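These notes open a run of structures that come right after.
Look at the two complexes coming up: chain A is in both, with chain B in one and chain C in the other.
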Partner chain A sequence: MSKKGLVGFGILFLVIVAAITAPWISPFDPNAQDIINSLAAPLAEGSEGGIHLLGTDRLGQDVMSRIIYGTRVSLTVAFGAVGVSALIGIPLGLAAGFMNRTIESLVLVATDIVLSIPFILLALVLMSVLGASLTNLIIAFAVVRWAQFARVTYSLSLELREKEYVLSCKAAGISLPRTLAVHVLPNMVGPLMVVATLELAYAILMESGLSFLGLGAPPETPSWGGMLQEGRNELDTAWWLTAAPGIAIMATAIGYNFVGDWIRDRLDPRLQGVLR
Partner chain B sequence: MLTYLARRSLLVIVTITGVMTILFGLQKLAGDPTIFLLPPEATETERLNLLRQLGLDRPLIIQYISFLTNAATGNIGLSWKYNQPALPIVLEAFPATILLATSALAFSILTAVPLGILAALRRDTWVDTFASGIAVIGQAMPVYWSGLLFILLFSTTLRWLPSMGSEGWLALILPAITLGLNTMARIMRITRSSMLDVLGQDYVRTVRAKGIPEYTILFKHGLRNAAVPIVALIGLQLGGLLGGAVLIETVFSWPGVGRLAVNAVYSRDFPLVQSVALMVTITFSLVNMFVDILCAMLNPQIRLN
Partner chain C sequence: MNAPVFQMRNVSIDLDSLKNPSRRIANGIDLELHRGKTLALVGESGCGKSVTALSAMNLLSAPLRISEGSILLETEAGREDIAKLNPSGSQMRSIRGRRIAMIFQDPMTALDPVYTVGDQITESLCQHLGLSRKDAWKRAVELLRLVGIPAPEQRARNYPFQLSGGMRQRVMIAIAIACSPSVLIADEPTTALDVTVQAQILELLRELGEDLGMATLLITHDLGVVAENADEVIVMYRGYVVEKAGVDALFDNPAHPYTQGLMASLPPADGERIELTPIPGQVPAITEDIVGCPFASRCPHVMPKCGETMPALGAISSEQSVACWLYPAAAEARP
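Moving on to the complex of A and B:
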């Protein structure tokens, strides 16, 4: 495995392990307030023992523990959002590629429409309608980003539908759903995985961005974007409140991107045009 | 070329109508606006009167058609908070966002294209490694976080640049660079790979064999042929820039449509959020159309397909 791939998988492994084992590895309860130790610098000692490795916030909550618990929001939203997008986008892309011309144009025009709205603005509109919550964040993401999956699936279909083995399925009288499930989809898995990793990176950046605006995770749920929003008010005095969650977000995004690059490099280089 | 233009403009009209349909659907999802517009002690008669006044007692299809026709004449609803037409409020804030987005784009093109070319020419040297390092970080850094870090460094610590507002050119520097970082990373990657692609072509080897000076090869034979994917990507970036502006304007208190939209969400001023989304989408669609036409002019293959 390339160095890049190792780093990428390493980061994601750490994030997933942190999310699963959060209650055991967190040095403090993420919501425990220690007012005497408000805005303690990194490595400060807690009033009831223990070391605040990354300091505390205004309420005296341990930053390290909140970062560890923050992986849960990050992973839930990213995988939820990308999963739903893929479940909508891939079938539509297949329909556009393998069914009649009307469906093809309908799907393609629909992707043009939703991709022409900057995601964060549509999310703002949705949040103002539905209210801010993690579920609505996932919905907002899927409403727009299915189109990315549909587009890639469609361009892959254009190539695959001319292949002899796909044509011979038709000649042999195998039904279209079966052809797609057994002979077409397995040949799309690689490229679609690349899209998924890029979308995962995009999703965590957007999730933290919306949480930063106060429109994502509710305040009592520790999330990286929410921590950045709080840290912004203490920027002059407590740099660690801004540094720690930012690094966490960036590292995770790099992890997804590297894994995506690694998969892409393993694939046929001719696919790179489709997957840019 | 004419058929291409006609087809492309039709697509813009379809796109904008589609976006309006989505916004209309969301508006209906938002439920009864009289809850926000009237004081809680209002009577049922007052409520029904307001519904009639707003035209919300009519059948859905009529409401939809009048929503579209009103929008065509520049009337996209009343801001609930300011109690006046939303469009002028949006238009007033629009120049600030356009200024921010174009400055960010200018910054990213001016840094990314030379760096991308250099990385392609000095492939696998420290320049290339440096450039790809910037690309990795630029794509993974949340824009608002880089904004906060810049404020911490250049405003709070060094006191070189203002951290907020829009007074004077100095105030533009930090938000524009922050917003441009992500775009810069993307443009640099594509410039590098597209230049590498072109410089490896047979015709480049041929002109080199003919003894043509290296800078002529680079600009006339290299960059001109590498330009199409770069220009196409730059057009697509504008959507990301306008979206990123929402966050950046909040971080730097920049008085554009992004901050307007965020504040409108806080005050549940739905028509105002909707108007911002619509105006930004229209701008983005039009810019994309011009970029596509530009690409079609640069490369005849596109318009013939």
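Moving on to the complex of A and C:
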């Protein structure tokens, strides 16, 4: 495996482990307030023992613990949002590629429209209408990003529908839904996985962005974007409040991108010789 | 001769484009397939061979459509006109692969790369014959043995990329004959293979056709293949059947000037090095409107009449008919 791939999988692994084991590995309760120790610097000692590795925020909540719990929001939103977008986008892309011209134009026009609207603007409107919650974050992402999946699936369909094995399925009397599910989709998995990993990185950034604008995760849920937003006012006195979640967001996004690159290289037979 | 198992009667195919609806690309094709016999369909690229093959399975999709004629398939339930069935309906689906099967040109792309060849054979067995997975797998191994693949138990577990081109074409044939269809359509089955493998595959097709009583429609542009493997030959030129004959009659006495031209452009079989005689000119483009015979512009025997009307096929002997004004006794204007 390439170094890039190792780093990517390493980061992803850490994030997933942190999310699963959060209650055990967090040094403090993420919502426990310790007002005396408000805005303590990293490595400061807590009033009831223990060390605040990454300091505390204005309410004296432990930043390290909140970062660890933040992985849960980050992962739920990322995988949920990408999963839902894929579930909407891939079938639509297949329909556009394999059904009649009318459906094809409808789907293509819809993707063009959705992708031409600035994403953050549309997401902002949706979030302010629907209200701030994790489910709504996922919905807001899927409403916009299905188009990415639809477009990639459609362009792969254009290639696959000319393959003789697709025609020979037809000539063997196999129904279109079965042909698509059994013979077309499995041949698209590679490129779609790459899109999915890139979308995961995008979803993390979106979650953080919307939380930063106050429209993401609800305030009581520790999320990286929300922490950034709260830390913004303390930027000149308590740098750790923004640096810690900022680095976490950046590292995770890079991790997903590296994994995506690795899968892409891995699936490209022309690059196989170079990698081994 | 027995009644044909498959018959195309006066089938015409139209191409609908925005500018020009109903451009005819195949005109009144008549052909009959008999059990255990091979009919070869020859002609150069773009003459309508492949659309004819696709129409035989009612596989044409927009902008192509069958505009006229009937396609009759003999089944236990009697004779059925498949041109009248909905091309994507379930009735048509139960005929494809079960009654009429097709072998494609390129075995490299006609097999799905993500499944083992055994899986791909069982798919159609499960689909049409309702066999269980286990029985279907056994049958798949038998089929692989039947098409001459050594160690079929192991090969069935191989993926297409692990097999050579010839083996893959054998697998394609195994898939096609899996449900014992009565009609097999082979669209240039050996074009992508090298010459020694070609001969083996064609021989296999011929043997299977005779043993299993399948009627074969062999589409090719290789006259050598025709001479070796066909019983009857249809020569097409730009959407028209110009000559129809038994294979010996055709090679002994090619009647249509186009067929004569094709024969003259073949190198002699005795290996003598002579200059080949090409047919001058090119096939008129499909977008060109033609009055009369489409071969008139290249024909050495062209007459004024040729530019006016296209003759219908007329019999010049018991097993040969031709569509050409050179044979005034047989020629008649097309209806």
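The working rule: the second predicted complex is superposed on the first by the 268 of 276 C-alpha atoms of A that agree within 3 Å, B and C clash if a C-alpha of one lies under 4 Å from a C-alpha of the other, contacts with A are read in each partner's own complex, and residues count from 1 in each chain.
Just so we're on the same page, a contact is a pair of C-beta atoms (placed from the backbone, for glycine too) under 8 Å apart; a residue touches a chain by one contact, two chains touch by 3 or more.
Keep in mind the model is a prediction, meaning the values are calculated, not measured.
Applying the stated contact rule after C-alpha superposition, one finds that A:I51 touches neither chain B nor chain C.
Touch criterion not met for A:V84: it reaches neither chain B nor chain C. In the superposed model, A:L106 makes contact with neither chain B nor chain C. For chain A, the partner that touches more of its residues is B, with chain B and chain C as the two candidates.
In the superposed pair of complexes, A:A22 makes contact with neither chain B nor chain C. When the shared chain is aligned, chain C comes close enough to touch A:P186, but chain B does not.
With both structures placed on the common chain, the touch criterion links A:L121 to chain B but leaves chain C unconnected. Of the two partner chains placed around the shared chain by superposition, neither chain B nor chain C is touched by A:L59. Once both structures are placed on chain A, no chain A residue is touched by chain B and, in the other complex, by chain C. Chain B meets chain A in the complex at residues 11, 14-15, 18-19, 22-23, 26-27, 29-30, 136-137, 139-145, 148-149, 151-152, 156, 190, 239-240, 242-244, 246-247, 250-251, 261-262, 264-266, 268-270, 273-274, 276-277, 280-281, 284-285, 288.
By the touch criterion given at the top, residues 57, 59, 62, 88, 90, 92-98, 101-102, 104-106, 109-115, 123-124, 127-128, 172, 175 of chain C touch chain A in their complex.
Against chain B, in their complex, chain A makes its touches with residues 109-110, 112-122, 124-130, 201, 205, 208-209, 212-215, 225, 228, 231-232, 235-236, 239, 242, 246, 249-251, 253-254, 257, 276. Residues of chain A that touch chain C in their complex: 100-101, 163-165, 167-168, 170-176, 182-183, 186-187.
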